[in-house]
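Which chain is which? They are A, B, C and D, in the order written, and residues in each are numbered from 1.
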Amino acid sequence: MPKIHTFDAVIVGAGGAGLMAALYASRSANVAVLSKLYPTRSHTGAAQGGIGAALANMEEDSWEWHSYDTVKGSDYLADQDAVDVLTKEAINTVVELEHMGLPFDRFPNGKISQRRFGGHTNKDTGKPVMRACHAADRTGHMILQTLYQQCIKNEVNFFDEFHVVDLIRVDDTVRGVVAIEIATGEFHIFHSKAVMFATGGWGRVWEVTSNAHSLTGDGPAIALRRGIPLQDMEFFQFHPTGIYKLGILITEGVRGEGGVLINSEGERFMAKEEYAPNIKDLASRDVVSRAIYLEVKAGRGINGQKYVHLDVTPETVNHYYELDGEDRRIDREYIEAKLPDIADFTRTYLGVDPVKEPMPVQPTAHYGMGGIPTDVNGRVLLDAQKTVLPGFYAAGEVACVSVHGANRLGTNSLTDLVVFGKLAGVDMAEYCQNAELLPLPDGAADEVMAEFERIRNNTGGVKAHEVRRKMQESMTENVSVFRTKETMDKAIADLKELREAYQKVSIEDKGKVFNSDLLEAWELGCLLDTAEVTAVSGLARPESRGAHARDDYTERDDENWLKHTLYHKEGDGYRLDYKEVTLGRYEPKPRVY
Amino acid sequence: MQAQLRIRRYNPEKDQAGYWGEYTLNDVNPNDSVLDLLHRVKWEIDGTLALRRSCAHGVCGSDAFRINGANMLACKTLVNRLGDGDMIKVQVEPILGLKVLKDLIVDMEPFMDHYKSVMPYFINDDPPPENGRERLQSIEDRARFDDTTKCILCAACTSSCPSFWANDKYVGPAAIVNAHRFIFDSRDKAPEKRLAVVGDTFGVWRCRTNFNCTNACPREIEITKAIAEVKNVLYTGEI
Amino acid sequence: MTTYSGITRRKVQVQSNFERYAFLFMRLSGIALLILAVGHMMIQHVLNDVHSLTLQYVADQWASWGWKVYDMLLLFIALPHGINGLRNVLEDYVHGESAIKTLNTVMAIFLIVSLIGAGFAIASF
Amino acid sequence: MSSLLLTLRESVRYRGRGGHYSWIAHRLAGLGILAFLVIHVWETAMVNYNPPVYEYAIAVFKHPLFGLGEIGLMGAVLFHAFNGIRITLLDFKPEWWRHQAKTVTIVWALFLVVFVPIAIYMLSSIISHCGHGSNCWAFPTYPVS
């Protein structure tokens, strides 16, 4: 029998979003935070470049400009009311983080230091603007640590290394979650009035990824299985600069500090007319990733391989500053101070010293713009009419508010985490004050326990890692920077086969204590689900928009497709449904950078 | 090349005591990390192997193990750093001084308790600036504690310290690093409370300047220096 | 642009305890011992080796105030340094509260007896 | 007890760098010197309290085995002293920690430079004393005549 715990609210996930929500919700409600990792090991800690907020600490800026950039970056798919909340609240929230002790870098005037980032511009001049508040290239680390520290201070209840495997939903109410205590293998039920999912991304669907091994799409998959739709899953961001083959991220901050992309002919190709003649290397991520892909396809990858060079050596950077007529010059020490971790990564993993040599980079699977649909208060929405599922919340990468639309701007995810994490936390605490604790249904954990028994005792002889690898290969081949009907059909067929193979997956570890064999097999099921939603949603959208770039439909089609996809699981099949995009001040127009 | 792994195994549900598991892997690339090798053992040879890992590039702090005798992160240790030639020997053990729960997994709670004991959170109850903006800080003041903000709580340091092996009441280098992070932050108002903890019997005085911690730290934090700086504050009463 | 620069120095109240003094003592006595102990070794064990050592030799030395003070200092610094070092080592490895209390008491008594006993031997010679 | 043995064993097994071995050597040397010092203090005190015991003790110390021990003591004091100064300096000057790996080497080098000539000198004096035909291996009997 699972052990039962009772709380007002349960937050699943202890990354930036989960911790921010916990901090606010626990002020007035009795909250438990469940995380399959120790909180400080969440992938928010890997975020490098910065958090976007129009503080205007060094040059003119405004939240309206930030909104404009976000909407333009999203290829007009973002909901503009939500974007305004994001950019306005960003300013207060970043200041608030500073008040919590977050050690931002400083400008000589003592204020928080900011730098340029892809897609962030001055709306009047179209030139890049310094908007990314940062702490060297470990901004996410500082956010994660600071929030965790504040949670310790405020005595938040943590259940570390508790792996959530199911949501308890009865009709249109949620009543808690089912989790496995990893250390003992025991099942626990957390009975609560409200539940929040803040489980992060699902980048492990792809082979070359900046995402952690733990980012397996548990949250979206569980939600889907419990009748909640997933929104805009076809939009998955490929970050242009991952370390070749490894996928480890090289922050856009490198280009923010002046780094440039170079092809085998020594050209700074982003400056070409067909890419981004105005802001060049600082164009939006989808644009840069496509450019790299096309350069490589045209045979201009370095040494004929599938990568290009990212060059941040002072000589190159200063050369291009001079060409661009900028006064700024950088030196070795500056790079070491502003990008110490990047330097460490490339030295460790490539033996390349970035102040002396260029780094080999290729696009890497990075960020899911889609996810569990919510409103700006984190309340989960069930359909195109925006019906709320009372008591169920989502925040962070797993949620789709949608402020990122078809393509997220760099630095906006961290902003999203803290802004919507906070709003969701506050709303959830309020909800708990008025809501009643509804009884647990009988056998609340039975279904998922049976599934685990099935996996544990299965004798099909298929190895989980092989299925996972094949899925990753297929998705990388067929549903990545560019896709077509053919490739997506292929992916869907592959996934069907792999799903059958998944039913035959068997494991070797039959024990209870730290049985990662078992948990990895279960996670694979989640990955397969999210992969399938991605391919199916993509196939159904015959246009190119943001990160969803199709070779067979190369144009954006605002007339028919300026709308959000909702994927509902129904029995063994699915149903697609579409939701209006909230427009506002910024009318859709062609995107030029 | 070929890799011969010796991995310290222990399953509390089956084994009375720990033992060495030996595994041979072929087609190892010199650029593979030890984590890659451990994954291969787990996925190709023995699914029961238990270890923690997440980010795979040295920023989450999950996989501090004792590799070929010394503490390091498996994901940040490439095979080519352990030797070259056609055959490479890799020995992986759990970190010392914390109870082994299964294979390479140790009980982190005592470590986290020491961390929490130094009040590792910003304390400043003064009202923030009236303009509603950030507190100001000079670049120089910010630089004083930059190094110690990098800690990812991997425990490689504390579990490499002979003083900690000998007596786990010692708060350990990681806790001192995190105390340093706040003691030297000009915005923080509670250095005295933290100094009372790290200045106590089982605080900085147990440090025998052995340097294993500094050498083990995957974030290259100058831990022993930070400890000495804290000691100096305790001698001089000035930060 | 207004600049905001420089390092803020702050005074803090630190509570002192035995370990802090013991730690400082180890370092300061160490510096003193560099001269006293190394000097002693050089003079007594190298320049004059044990073969020239006789009762008379010691007696001659202790007849001079200078040597008396030297040896007295050496005794009063080296022994506490060494005993405190031993205490450090034992506190690493012995964890029982009562066991370590007993050992500390024994060491303290031994230290006092030695200092008085040997100190008296030098002083009264 | 098992934890003590484990600690001691792992202290040797751990593959540390310079500082780790300096720490082991410093600790062993310190304890060694202390052991000698305790004997030495009481034995010397006998000059005053009980001269025959003192005479016997120095006679014993003339035995070549003790001579070798004395060389060891010399080494222990020298290493412990230099290393102790290293630790003290670095404790008070945290900004020098950057050079810690070098300081370990410097201490060992300094130690060897000072110790080796002295050790040779001391060794030669033991040999020369044994070379006088006297049976230097025999232990003295109490009281020394």
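Keep in mind that, in the parts below, a contact is a pair of C-beta atoms (placed from the backbone, for glycine too) under 8 Å apart; a residue touches a chain by one contact, two chains touch by 3 or more.
Computed from a predicted structure; not experimentally measured.
Enquirer: Between A-C and C-D, name the chain pair that shares the greater number of C-beta pairs in contact.
Expert: C-D is joined by more C-beta pairs in contact.
Enquirer: In terms of CA centres, which chain lies closest to the overall middle?
Expert: B
Enquirer: Round to the nearest whole Å and give the separation of the Cα centres of chain A and chain D.
Expert: 62
Enquirer: Give, as an integer number of Å, the spacing between the C-alpha centres of chain D and chain C.
Expert: 16
Enquirer: Can you compute the centre-to-centre distance for chain B and chain D, using the mean CA position of each chain? Integer Å is fine.
Expert: Between these chains, centre-to-centre, one finds 35 Å.
Enquirer: Could you list the positions in chain B whose residues touch two or more of the other chains?
Expert: If we look for residues of chain B contacting two or more partner chains, we find 136-139, 162, 166, 231.
Enquirer: Find every residue in chain A that makes contact with two or more other chains and list them.
Expert: 106, 108-110
Enquirer: At which residue positions does chain D touch at least two other chains?
Expert: As it turns out, chain D has residues touching two or more other chains at 7, 27, 87, 91-92.
Enquirer: For this structure, enumerate the chain pairs that meet the touch criterion.
Expert: Per the contact definition above, the touching pairs are A-B, A-C, B-C, B-D, C-D.
Enquirer: For the complex, which residues does chain B have touching chain C?
Expert: 136-141, 144, 162-163, 166-167, 186, 191-192, 195-196, 199-201, 203, 205-206, 231, 233-235, 237-239
Enquirer: Show which residues of chain C lie in contact with chain D when the two form their complex.
Expert: Within the complex, chain C contacts chain D at residues 27, 30-31, 33-34, 37-38, 41, 45-46, 49-51, 53-55, 58-59, 62, 75, 78-79, 82-83, 85-86, 89, 92-93, 114, 117-118, 120-122, 124-125.
Enquirer: Note which residues of chain A are touching chain C in the complex, please.
Expert: Contacts found on chain A: 106, 108-110.
Enquirer: Could you pull out which chain C residues touch chain B in their complex?
Expert: Listed in rising order, the residues of chain C that touch chain B are 4-15, 17-20, 22-24, 91-93, 95.
Enquirer: Which residues of chain C touch chain A in their complex?
Expert: 1-5
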